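Just so it is clear, A, B, C, D, E and F label the chains in written order, and each chain counts residues from 1 on its own.
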Amino acid sequence: MFSVAVKDHIMIAHSFRGEIFGPAQKLHGATYIVTVQFKLAQLDEDGLVIDIGKAIAILKEVLTPLNYQNLDTLEQFKGINTTTEYMAYYIHQQISERVSSFFKGVLKVTLDESHIAWGSYEAEVK
Amino acid sequence: MFSVAVKDHIMIAHSFRGEIFGPAQKLHGATYIVTVQFKLAQLDEDGLVIDIGKAIAILKEVLTPLNYQNLDTLEQFKGINTTTEYMAYYIHQQISERVSSFFKGVLKVTLDESHIAWGSYEAEVK
Amino acid sequence: MFSVAVKDHIMIAHSFRGEIFGPAQKLHGATYIVTVQFKLAQLDEDGLVIDIGKAIAILKEVLTPLNYQNLDTLEQFKGINTTTEYMAYYIHQQISERVSSFFKGVLKVTLDESHIAWGSYEAEVK
Amino acid sequence: MFSVAVKDHIMIAHSFRGEIFGPAQKLHGATYIVTVQFKLAQLDEDGLVIDIGKAIAILKEVLTPLNYQNLDTLEQFKGINTTTEYMAYYIHQQISERVSSFFKGVLKVTLDESHIAWGSYEAEVK
Amino acid sequence: MFSVAVKDHIMIAHSFRGEIFGPAQKLHGATYIVTVQFKLAQLDEDGLVIDIGKAIAILKEVLTPLNYQNLDTLEQFKGINTTTEYMAYYIHQQISERVSSFFKGVLKVTLDESHIAWGSYEAEVK
Amino acid sequence: MFSVAVKDHIMIAHSFRGEIFGPAQKLHGATYIVTVQFKLAQLDEDGLVIDIGKAIAILKEVLTPLNYQNLDTLEQFKGINTTTEYMAYYIHQQISERVSSFFKGVLKVTLDESHIAWGSYEAEVK
């Protein structure tokens, strides 16, 4: 199995609903360092899983509408706790839509929220 | 597949038995940076794999009796080489016991022993 | 010159005033990984610049009232742009107050806001 | 599943053929930080997946003929785009040959090409 | 003393002249992760040392003509060993020229050439 | 001011004397990731502060007699608390002795003891 991964980041505000979140129920924020990994069984004729430049551009396109936002105010997250693992899933969906026509493999999205915690979501692109 | 991971560390002394270990047969030590990753197919109703605060607390509880110890003198390691990969397995067992009642997924424990070497153990929680 | 440093983090929301900030004028957030470095010309009789455990406890005490907060709503930041470099200065002041009775050296506070940007403030403790 | 990993690096020049590579069609170069991960279901009688010292020595042996080279001029890469993912595959083959007599597990080779991009190849040792 | 730093990278080929360089006399290459730190005694009225977005843009402008190049073929490096420390100095000069009209402080440029070696140059902007 | 730095590591056991050390009074251990930085105002005729290969070799020579040792049993540390900051000072002395004949600059030695704590010593080579 081959894979290629690229990295970018967003800086967002949000709050959580539910007692389990304790002080994180208040409006706070995070820098998410986002790593997207593309996995494939075969290289193409250029020797690539995916062009790194293209991967960086798609990641940037997906992250731009989230960057510098209060996620609590965005339509797509109404009624949803935007936890690290959920955001990994959301970004996974957004990238899948953009690559499904030419990338038939597995996608893993990882969000580092600090030097001691991270979350991820991994699934085949459909 | 979703996952969430948290990190902490311990500083221990130990020695190894067996010629293969060369100079590491002498009493020496290590800082182990311990990452515990929880993997699950579904998020719960709060949008979580596991509460990060709870994960950090359980990891701390498991690491505290190991921290600042000479592993050679601890009852549970008698006759065992406390290699990085074995310690990953041991910590995996300790965490599994504490989360098995509420976490039905896969657990991966990784120990960084330096900037150039690490070991891990991964298995389902039973 | 000797030094010792310890690290912790906070997750905050805030916004900036001023055209120069572009999209960061909107309410957004950050994870700040905070490193506090203590510099001193001499070790004490125990061979220490400062006890690492004590340094970690003081840093935690200073960061707790900031963690999971919207800085825009805190009294001490009214009318102030809570930029990375300003927050380094603010945390420097808070730590200085708590260590000035026993630490007569230089303090440097660094805030990593992402994997590609950071800010710091360094000055003697008074 | 147990695993152990070690790290080293090479500094090489190369160029790519194909429009998709844009400016990387020119002769340029890279530092590749190479991580080799050995995965195995069981520890041996010493409590090891593989001896870390041996793993480091084998990795060094494989990397030495590549280090400080222009990959475009090496016989084994004639007609091949030495992309990050291809080089992970090539190094995987080289290590497999050297460990197949005594290591019956899975090998993963990861090459960090910068702080924002990496590639890997993973397969059973045969 | 306040400071702000930003990071980007280049991938270049080059060779060195002089026996001291051993195998690095051959054409090889490097990924340089470039950190530029701006140091200043006072924050401006916006609470900034320098706008991070502007700093990133200037760094990108300076690095673009170097990226994906064989440094041996560039006019400005004729007769010069483009060591890590020299390249830190060269990039320092290029950034100084672009910021000297509005930034009156100290600039430090650091180039990570691998996970185990780096070089830097630090001087006042003139 | 130019600088060049290289990195290696040691894995040691030790214990501390003094109530301030709490549980670290027991025999425990550490991985120290050791960074040695050489600072100089001028590059030599090869464009170097110091040859990186030579710097790595000297660092290895200094670290080898410490690696895999119980520092409590070494003659040179009798009656001394081998704290992180003291060990930075000790390694600084050892390297200074080996480079003073040809390197007339400043040396900084940093020891990372974990992902959240480090110590250093910096002084001119005499």
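One rule holds for everything that comes next: contacts are C-beta pairs under 8 Å (C-beta built on N, C-alpha and C of every residue); 3 or more make two chains touch, one makes a residue touch a chain.
What you see is a predicted model; the values in this text were computed from it and never measured.
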item: Smallest number of contact steps required from chain C to reach chain F; value: 1
item: Chain hops separating chain F from chain D, counting only touching neighbours; value: 2
item: Taking each chain's C-alpha mean as its centre, the one farthest from chain D; value: C
item: Centre-of-Cα separation between chain F and chain A, whole angstrom; value: 40
item: Rounded Å distance between chain B and chain C, as computed from the means of their C-alpha atoms; value: 31
item: Intercentroid distance (Cα basis), chain C paired with chain A, Å; value: 29
item: Residues of chain D whose C-beta touches two or more other chains; value: 7, 115-116
item: Interfacial residue positions of chain F with respect to chain C in the complex; value: 16, 18, 20-22, 80-86, 88-89, 115-123
item: Footprint of chain D on chain A - complex, ascending; value: 1-8, 43, 46-49, 51-53, 56
item: Of all residues in chain C, those that touch chain A in their complex; value: 7, 9, 11-14, 23-24, 26-33, 67-70, 113-116
